[in-house]
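One chain, subunit A, appears in both complexes that follow, with subunit B as partner in the first and subunit C in the second.
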Partner chain A sequence: MKYIDEFQDPDLARRLLDDIHSTVTRPWALMEVCGGQTHTIIRHGIDQLLPEQVELIHGPGCPVCVTPLEVIDKALEIASRPGVIFCSFGDMLRVPGTGRDLFQVRGAGGDVRVVYSPLDALRIAQQNPDREVVFFGIGFETTAPPNAMTVYQARRLGIRNFSLLVSHVRVPPAIEAIMQSPNCRVQGFLAAGHVCSVMGVEEYPELAERFRVPIVVTGFEPLDILEGVRRTVAQLERGEHTVDNAYPRAVRPEGNAAARAMLEDVFEVTDRAWRGIGVIPDSGWRLSAKYRDHDAEHRFSVEGIQTREPAECRSGEVLQGLLKPHECEAFGTLCTPRTPLGATMVSSEGACAAYYLYRRLELTPAPREASPVV
Partner chain B sequence: MPVLDPAAWTCPAPLRDQPRVVMGHGGGGALSAELVQHVFAPAFGGSVLAQMGDAAALSLGGVRMAFSTDSFVVRPLFFPGGSIGDLAVNGTVNDLAMSGARAAYLSCGFILEEGVEMETVARVAEALGAAARTAGVEIATGDTKVVESGHGDGIYINTAGIGLIPAGVDLRPQRVVPGDVVMVSGAIGVHGVAVMSVREGLEFGVEIESDCAALGGLVDAMLAVTPDLHVLRDPTRGGLAASLNEIAAASGTGVVIREREVPVPPAVANACAVLGLDPLYVANEGKLVAFVPRGHADAVLDAMRAHPLGAGSTVIGEVVADHPGMVVARTGLGGTRVVDMPIGEQLPRIC
Partner chain C sequence: MCLAVPGRVLDIEERDGTRMANVDFGGVVKEVCLEYLPDLQVGEYAIVHVGFALQRLDEESAKQTLELFATLGMLQEEFGDPWEMAAEAGGTLPPEEEGARR
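So, the complex of A and B:
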């Protein structure tokens, strides 16, 4: 945990930027897959420092943003039930479902708790044997293994009052869907380093070859991003399209074998809806039949959910890289982090939130959100 | 007409979507501001309240004094570097200090939960008394209530305090002008991370101790250099970002900070990186941010550094005429970003 300053060094950043500036000869559009990378880019102003020819398109990799409204509404419904303790990572609490969010469920008397690990939720289940404890299991390949582990542990320890509301998604099918979109402009990918630290890189060469697109595994600090951009641009300028690991301090080619084994045991691949995008084949995980008892959807039979997406929200296009957040008419007016229309504005990793929080000065004469207070 | 008529509110982000209180209403950010603006201020009225400072500046019998109150609901009651007793004294002492007043007398109200161990109450009381002696303030009056088991969190404390404002001192955001120098008295984010580390059972490799301290002496040292400080704030809830935004909005000026100049200890930076939090929004309990006329800046900074509680003082930015009401950070890499008012509480991210 001492690597933060090293990967934000302005002199090294300058050298990488100089290299990119001297390499690029024509316009290129790169997509950073992960919302964490988007926030690093916008927060540190990296996009302002890159050559004009290098455009960064923001990808769908925010787990909060892509969780379907229907699943959020199911979470709200389950969390509202008496006898339920609903556990979640903090950033899901402010995501709007149809008409309310988990904070409001808690304000109305629901027992909604923020945890820092799914194992905390399991501990709560052990301590409250007369209550039903549900953990909101969302996220990409990064959060799926610990969530799988929690279900595995619940089974092993005989903890029957614990279940998972699952909405896990997988990155490679999303990359495939983006490349197959008729409007796709993406010419290179900065792959999400933490996803690859679990899954390795073996899913990517076939994608790189089929779509003739370089894929560079990239970390999350400013210098990681710049190095990822540098290597992607270098490949594009040379006419190459290979998979390159620019994050070797965290990513081994084969990934994390133990985590993958846990995923295979507890989950099975399924089609999954992505909020704002639609169903992508084989892009998600659900609990396998062996663990169905711990599936909250199965246990609580949440049926008849009627979802209602705001018509003005264009987050689907933002998630697909077809629209920049500030190009949406609702940006900064109808839609702000305080009054979000979609998850991309409310999530801490959402592209719209990043633009609103960090770039408002250049993009809009946005109104202040509140008056000063004590 | 109903007491609450959300539809009539004209604020662009009213509370109409918040029919019930959520935690963010106490987070010191935009939600807190809306609650005060739309519910409390209209109900209470009064010109003194409209000052909306950390403490109210009063004139009573020809004497200028500051008056402030604060409530403390921290969990756990004891944390590395302090306790709810220390906070209950230092929080109010510091609110008074931010108006230039040296706290003289405090009141102290305890709300105890049935079942809490008497030894715990005694430890908190001792810590509170010791903090008062350190701060040079006397507990002049108090109150005790007990609520049923399950209706509290062990111990809640409210304190209120009064102190005299020295002649020539007038600390208000409205006095801030472009060119003012913005400085902080030391490392930021320490208290919030210290409490989080024990409350959530998180360990960050190094124990982080709260910076909880009474700042009256430091403010005295600064005022001794010049009474012409423009504004002081202790960046508690909402952190440095909330304080800077409040001052920018109330003064109608822009604030620019240089991100690399903001002192964030590595342990705090690491903890925030793990949790996806921004240190600028994490609470402090023993630091202040000062807006100082440029001509006095060097002398004030020297005085701050000469005081034990200001040894880590540093300049982090300045006030500009551009982008009034907004705070902008120059990033370490040379870009810029807006530093916004927090909405409610910061939420640890998923991954």
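So, the complex of A and C:
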């Protein structure tokens, strides 16, 4: 237990771990959906503190990582156009498109700006009425309500030079797709806490019942993760499969009603492609017809973009929990945060980035032949 | 980006018909929209994501989380200069910006 002293409350961590160790009688595979949880797990070595029978599989919950290459290329194309101010969250800057990234577009003279909030992008549009301001609207159910509110405000205030390049994704259809995959090994889910802060837990009982899989809403701090694992394993050992909230300080069962109402007004559910995974039915949002004027894809002609994924990148398998990052041959050699093949290596929530940052020196890339640890 | 950080409301004002607040995140103050938590009052804590308060949080949990995030350098990740971080991660800033960095 080499990392346990770094926990905020080491005694509580030890008690939770002891409980998990004494409960487990056979192997279980749990998936943490959220990339933020993956980073906590790897950073604190939680996967190494758990009993050997409990395996944590990293899920697709990094919004930057699952944004399809085609959308990244559309963003790069729009950001390169004269007269456009392209606004984005900082973690999209170095995500590779086909051949370049937003950082390089800016270096070549594109007006790319980083904002903290989508409302900052709206303000830039107000201040620059003769320019087209486009905001890159990616993210899960946590990020979609702020972006929805911004489009609503643009319409309310009559700000016509503001549009959103939308690539929002939804967690429940992803859980469904994972459970329906023939290679699926997942037996329990740690659901993403902040997604549930917005959406509540109403979408989960049907999934838990249909796939006979426990779903435990889990926070992001090390102790939250241990508690989520403890409750999931306890259900599995008892043969139960219910929805449980291990993050009540931030998650009400109904979520945030005002945010959900805004989502319903501004967006409509659509099929969406996930990078490395493919199209998942009903797994995304797009702007509803009422807000089409603020849809960047509608405003800019960006069809017919030719994308090219690097053949060596296996991030799709990592995102589906079929491969651990260090099992990829390119990990840490061909692919590093400086020379990323895929978004999972550059995103602050990417699984490959987590392994590179916190575990690289302990791991080797997939052995072509068994090679010694460097 | 998915990280949501607890913060304390310092003051509240109506702007362009929208309820906005200054919120303190362990020393960093940011403007935050309160439209999704319209009842939030000065002195209360909430989980804030990309400039929007999304859910109330009790003071003790908020403080513990902020302390932990600060220790782990996650507040820097959330509020630091993204261009600088991208450059450090392997990009190169255009030459005219090298001098402009703090």
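Quick note on the criterion: the second predicted complex is superposed on the first by the 357 of 374 C-alpha atoms of A that agree within 3 Å, B and C clash if a C-alpha of one lies under 4 Å from a C-alpha of the other, contacts with A are read in each partner's own complex, and residues count from 1 in each chain.
Following the convention adopted for this analysis, a residue touches a chain if its C-beta (ideal position, glycine included) is under 8 Å from a C-beta of that chain, and two chains touch if they have at least 3 such contacts.
All values derive from a computational prediction rather than experimental measurement.
Of the two partner chains placed by superposition, only subunit B is touched by A:R359; subunit C is not.
In the superposition on chain A, A:R338 makes contact with both subunit B and subunit C. When both complexes are overlaid on chain A, the residue A:I42 reaches subunit B alone and has no touch with subunit C.
Once the two complexes are laid over each other on the shared chain, residue contacts for A:R185 go to neither subunit B nor subunit C. Of the two partner chains, subunit B is the only one that A:P10 touches; subunit C does not reach it.
Judged by the touch definition given at the top, the superposed model places A:V198 against subunit C, while subunit B stays out of reach.
Applying the stated contact rule after C-alpha superposition, one finds that A:G107 touches each of subunit B and subunit C.
When the two complexes are overlaid on their common chain A, residue A:P118 makes contact with subunit C while staying clear of subunit B.
Within the superposed three-chain model, A:R156 lies in touch with subunit C and out of touch with subunit B [touch as defined at top]. When the two complexes are superposed on chain A, the residues of subunit A that touch both subunit B and subunit C are 8, 36, 43, 63-64, 89-91, 93-94, 103-104, 106-107, 114, 116, 139-140, 142-143, 194, 336-339, 348-349. Of all residues in subunit A, only 8, 34-36, 43, 61-64, 89-91, 93-94, 101, 103-104, 106-107, 114, 116-120, 139-140, 142-143, 145-146, 149, 153, 156-157, 192, 194, 197-198, 220-221, 249-252, 256, 258-259, 262, 336-340, 346, 348-349 touch subunit C in the complex they form. Interface residues of subunit A, counted against subunit B in their complex, comprise 1-2, 4-5, 8, 10, 13, 36, 42-49, 63-64, 89-94, 103-104, 106-108, 114, 116, 138-140, 142-143, 194, 222, 336-339, 348-349, 356-361, 367-374.
Subunit B makes touch with subunit A in their complex at residues 11-13, 17-24, 28-30, 32-34, 36-37, 52-54, 173, 200, 202, 204-205, 245-247, 249-250, 260, 266, 269-270, 273-276, 323, 325-326, 328, 331-338, 340-341, 343-344, 347-351. Residues of subunit C touching subunit A in their complex: 1-4, 16-18, 30-33, 35-38, 47, 49-52, 54-55, 57-58, 61, 64-65, 67-68, 72, 77, 79, 82-83, 85-87, 89-94.
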